[in-house]
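Note that chain A is present in both complexes that follow, paired respectively with chain B and with chain C.
Moving on to the complex of A and B:
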């Protein structure tokens, strides 16, 4: 007989697995139609992913994706659609880069200071959307989308020129003044090499991975274990019932938006603290939107989003190798991400219905049992 | 008489339950046939099968002697069966005629043909004795009139067998009588009516024959003339029907809740609650009667702190809590059972223990400091499930899986187990079965005996009369009468609720300062009582 635990696990994993299989089949069809051999392409992706250096790349990509996913998930748990992670993290990274370069602080403390600035800026900027919703009833989707543009096309574009690095001789650099080494986050290469061989090709595993883990644990504790998190979830599930239950809904909206922004502020940190050390024109974009996808695929679950972020990172890092080896067009990766997401949403819905029916059955059995 | 509908061995199973178990009965042409049973007895399922919304698993259904197999309501309509739903399916912003033709619009050269429609409507109205102005907007109609539109809508489509699903649930006594007159006209015009209800007096009054269903089985079919309400009740529940009656008074001298001059304005700055004051003593149940929409909801919101009133104050055990938030009021000793358990009471997708914690998450055993105490919450939930007989497999099942009665017992349990000083009960037994209703009544009585002050808002007049120590009537935002439940009848209450008792004379002055010893209130009761007595002669 199937044990209840087995059934629970089966139901929990049925949806993502079904979505993955569906995406796999559909992507293969797309590959065949575009004249590529899917087996070759997948083989190339997997061989590549098994190399140590590629794994480092993948983890470096996973880190900001996961943090971005958590930022989006905090909003989702409260039925707030924070589309603004994109603008929040860019603005936060820009401010942190500018302010961080102007201060002198001891090693480590400087790094924490830069992260702090990013979190405060992200939180304040997101809080603005929360404030607009609470005081003026502005839908957060609209306000955060507009605030994204205000941040990237307005504030950053406007101030970027002013804060460009001034090199000796009057020339300017392509980005803000680089952060002093005291603000760099140490890499984790030494730790990884304890278990494997030496990491080559100049790859460095970002120390922000540790921060991402802490963010995940804190997110879990907050949303699933704390009273405040309960209030947030209750409001997300049924705002009116939460209000009847004494939850101050306006404060919850503000809180969720600010917290979401605080976490969003960290999304740009892996780049800033361990790679570019400055906000430059090529600063990685679109991670805010990718975070929404991660949250959706991972069902806002602290563990589920790890898997989602890893999967997306795997696909992202594979796109390069497909192009280099010519086994497939690199855009196939974007198509696959889209299909997976779509399939996952459908599969979750279906599994959810199965779960509901099971519960109703269980409950009615209990009723009948009690009557008899 | 020929048979209009015949059901033979209809069985319908859902996972884990048999909703209809070998249902057998027949409805004769031109009769009013009531289907009677408590909530959850399988009436709704049966009705859905009759109307083609769900197929039966087993059994045969015959309409006018011909075996039918409905796969959708369209088939049922084609066979001449029409249904009037309990919840109206009308577009408020449309006129009567637009609603009537919605879905089967007559057209002339591709344009809506209102003339033909109106002529047809007038025809239908005339032959069945139903009158309504086709150009009225539905939003402007009274509840009773809206229901008439629903009936006309069905007749317009040529139905001669009507199914009415608890049609009186939304009506006040006077409107019920109007409905019954309409139904008798329909019957006289040759229609067959299937009437689903669980209010025994009504069933006895209107129907020719009654089929009783209990736990999915047809118990019997009886002639309405041959049975009493007591007989029917016994058939329905299989035992003596519980009554909401309260024993001796437990009212004390200590005021628990005092509401002073509360005024609430609507968006147009008109008062929806107009200078309402009252007090409730420890051990007392104050019943608030009134047709929905007369300010009861807004008054409750102001008392529990959901909305800030324009003016007035709320005092709990002598302490002014007017500026307190909902949570602070709850912490001070307010318990609140909201009127709609799905909309305001539950987190349907959350487990029972989280639902039990809702509203009390600031206190032990639900939380410890800033953390939710999951074990404490689960244990407390098990305690609620045990004490309040919430039938459920465990504390981790989602709230949506429970039946309405069990959901309601959970909500009432989570409030009562915290032993509130003042309990606000908005429609505590709406839409739950007789068994659960009796359990809820019991709990209210027990809490009252233990010294709790309760405010009971209900549309069930028997419940109000049976449980309350005093009844106030709310009409157009004001308290217009205070009545003694031991002397009042549902009929008299109904006349106050519709304002009928207020017409002709001066408006009652009792609303401003009312307590148990208000003499004028006694007079109103007396005068209104004699009025009905005259009316009955």
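Moving on to the complex of A and C:
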């Protein structure tokens, strides 16, 4: 028999590799059917990704995707489907932009204050869904979806006009009043340039990357090393057993929902603190749903989600080069993302079943051995 | 007669009474706020049209969830339906082909969901979310390949497509127009009743008629046929069904594919009857509202219809109500409905519900008196808030299929 470590590694990587190969083959077929050369397209994507500037773009894209993935994963770990990351981060970014522009604070502190506002607003808004679940039995999937629309179509749309930037002469801008420079997060270009050449084309690596790393580490410590995290996982795996074991399930639901929303509040920060500095009409959307995909692909694992976020960011940032060089339609990347995601969840499920069957076999062998 | 006795009445007596009470409330509000739009023919007609996608997709959700598969991917399948609906209508030159191709497109999405959830036991919500991510990307890719080659098409929209057409009932709604005559007399309540009735009979599109007919057809299929019984047992007690020799996998596959087909039909309805072309993000979350209508309707066909009308009405009204005054008076309707909840909760000695409903009613009244015209965002938000309110007060008395969302393996392992 092969060594157990080898088997474990094989089983852990079988699913993502199988999913990737399947998605690769299927995407190639789609490309060929559309009259493109898949080798050219993939080649162009990879050459482009190896440029320093593209890597900066990729990391800037990875940062919010990863944070969004962690936000979704906190809920998933206890079988709570927080589909509302989208609304939570939009509302949080809007509130942070409005409140952050109204206060005067010293450098650094101002930035932390803006992040704090976003986290509180995100947590409160997701907490609402949690409260509805524990007190009124409203399914969180439906309530968070509804709250998404209430936030974007209702609250933000209703308040947006009131808080538009007022320019001199009575004109209004296209977004909220920009944040003062004290609230901007410094970029990491200087740090990167220590190891590489000078970064050109005005690219700036967002300082939120550091925050994303901190979020990932804290998530790992919370879920895998803390008592509360153990309770969360236990409730997710077997709610009844956890309850019998003394875990207060209602508080757990509320806690997981609020934490998920707190992290979701940070999703809009890379844009707000290092790019737009204001909430405008074109403020990046759909990162909440992409985060769900990242969490599913990365299996809610702090490291796995890094890979998933990088993969999605790679695909997102290569869509432009495909269009420019005409090697393929840029829309192929969204299809690739969908195929990878669907293939991955099916593959994880199948590997999970193989694992379970083996465990059952081992357990039965062990018990037979013990009684014989 | 108290509420419990009323609930024991047969359905064909209960529903007209409820509809009558609804129209009565609307006419009272209309009387006091000096409005005519709430029950006018045009409003009802528009509202009915806007309720249809929610209704049809909701019935789709019904078929999936009654056989035990959670269907959060309705939205994605509606998107496939919108694209395929427009493509079929343009490719074969007839909106009827658009209808067929929309159904096929949605059903393919359903097949994908069935393969993932039934054959591979993937978590239903995970698969649904994945389909909701895949569908818009696919639609955009296909648009880029197909619609950009056509005159008037682009990556985000298709050229115009024709509608399936409509018909008006003679004598009652045109010609002598008996209903219209009474509506124009402007008598309290009576004119309102006739206005609503005329709204149903005036220029009803064929597709709306099909959508309405689907309600009794679905109810009959699910409740009175062998197929329906087998479908329901897959959603209630699959292992019991298996012991009777029913192929549960087959039932679930059929249920989810029918469900996808209906969602696709709902998508082509939006293209053919509401917009007249395919546009990106055209479904605007209606798949999710359909899911909420399904839950509101307690997983029953008639309930889905009520939910769809309730959630579609503010949309329809806002399209006719350009000044926003009629939408504002809806706030009063909501307050009255909530006060009814207060009375009912007090009669059940449920203080918490009464206080909560009272507080929301007070908020709604304050909003009503504090504004002259409804803000632009209100009608678009109202359905979502209504869904939340309904779930807040009704969640605990709803009963979902017993085995919904649970993985099923043959032999129960």
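Methods note: the second predicted complex is superposed on the first by the 366 of 372 C-alpha atoms of A that agree within 3 Å, B and C clash if a C-alpha of one lies under 4 Å from a C-alpha of the other, contacts with A are read in each partner's own complex, and residues count from 1 in each chain.
Convention: contacts are C-beta pairs under 8 Å (C-beta built on N, C-alpha and C of every residue); 3 or more make two chains touch, one makes a residue touch a chain.
Remember, it's a predicted structure, so these values are computed and weren't measured experimentally.
In the superposition on chain A, A:247 contacts chain B only, with no contact to chain C. Contact with neither chain B nor chain C is seen for A:95 once the two complexes are overlaid on the shared chain. In the superposition on chain A, contact of A:208 is made with neither chain B nor chain C.
In the superposed pair of complexes, A:34 makes contact with chain C only, with no contact to chain B. With both structures placed on the common chain, the touch criterion links A:80 to neither chain B nor chain C.
Of the two partner chains placed by the overlay, only chain B lies in contact with A:227; chain C stays clear of it. Applying the stated contact rule after C-alpha superposition, one finds that A:293 touches chain C and leaves chain B untouched. Interface of chain C with chain A (complex): residues 72, 112, 116, 120-123, 125-127, 129-138, 140-141, 144-145, 155, 285, 288, 291-292, 295, 375-378, 380-381, 384-385, 387-388, 391-393, 395-396. Partner chain C is touched in their complex by these residues of chain A: 30, 34, 81, 83, 132, 136-139, 141-143, 145-150, 153-154, 157-158, 289-290, 292-293, 296, 329, 331-332, 334-335, 337-339, 341-342, 345-346, 349-350, 353.
By the touch criterion stated above, chain A contacts chain B in their complex at residues 225-231, 233-234, 237-238, 240-248, 356-357, 359-368, 370-371. In the complex of the two chains, the chain B residues touching chain A come out as 14-17, 304, 306, 325-331, 336, 338, 343-350, 354, 357-362, 367, 370-372, 374, 389, 391-393, 397-398, 400-403, 406.
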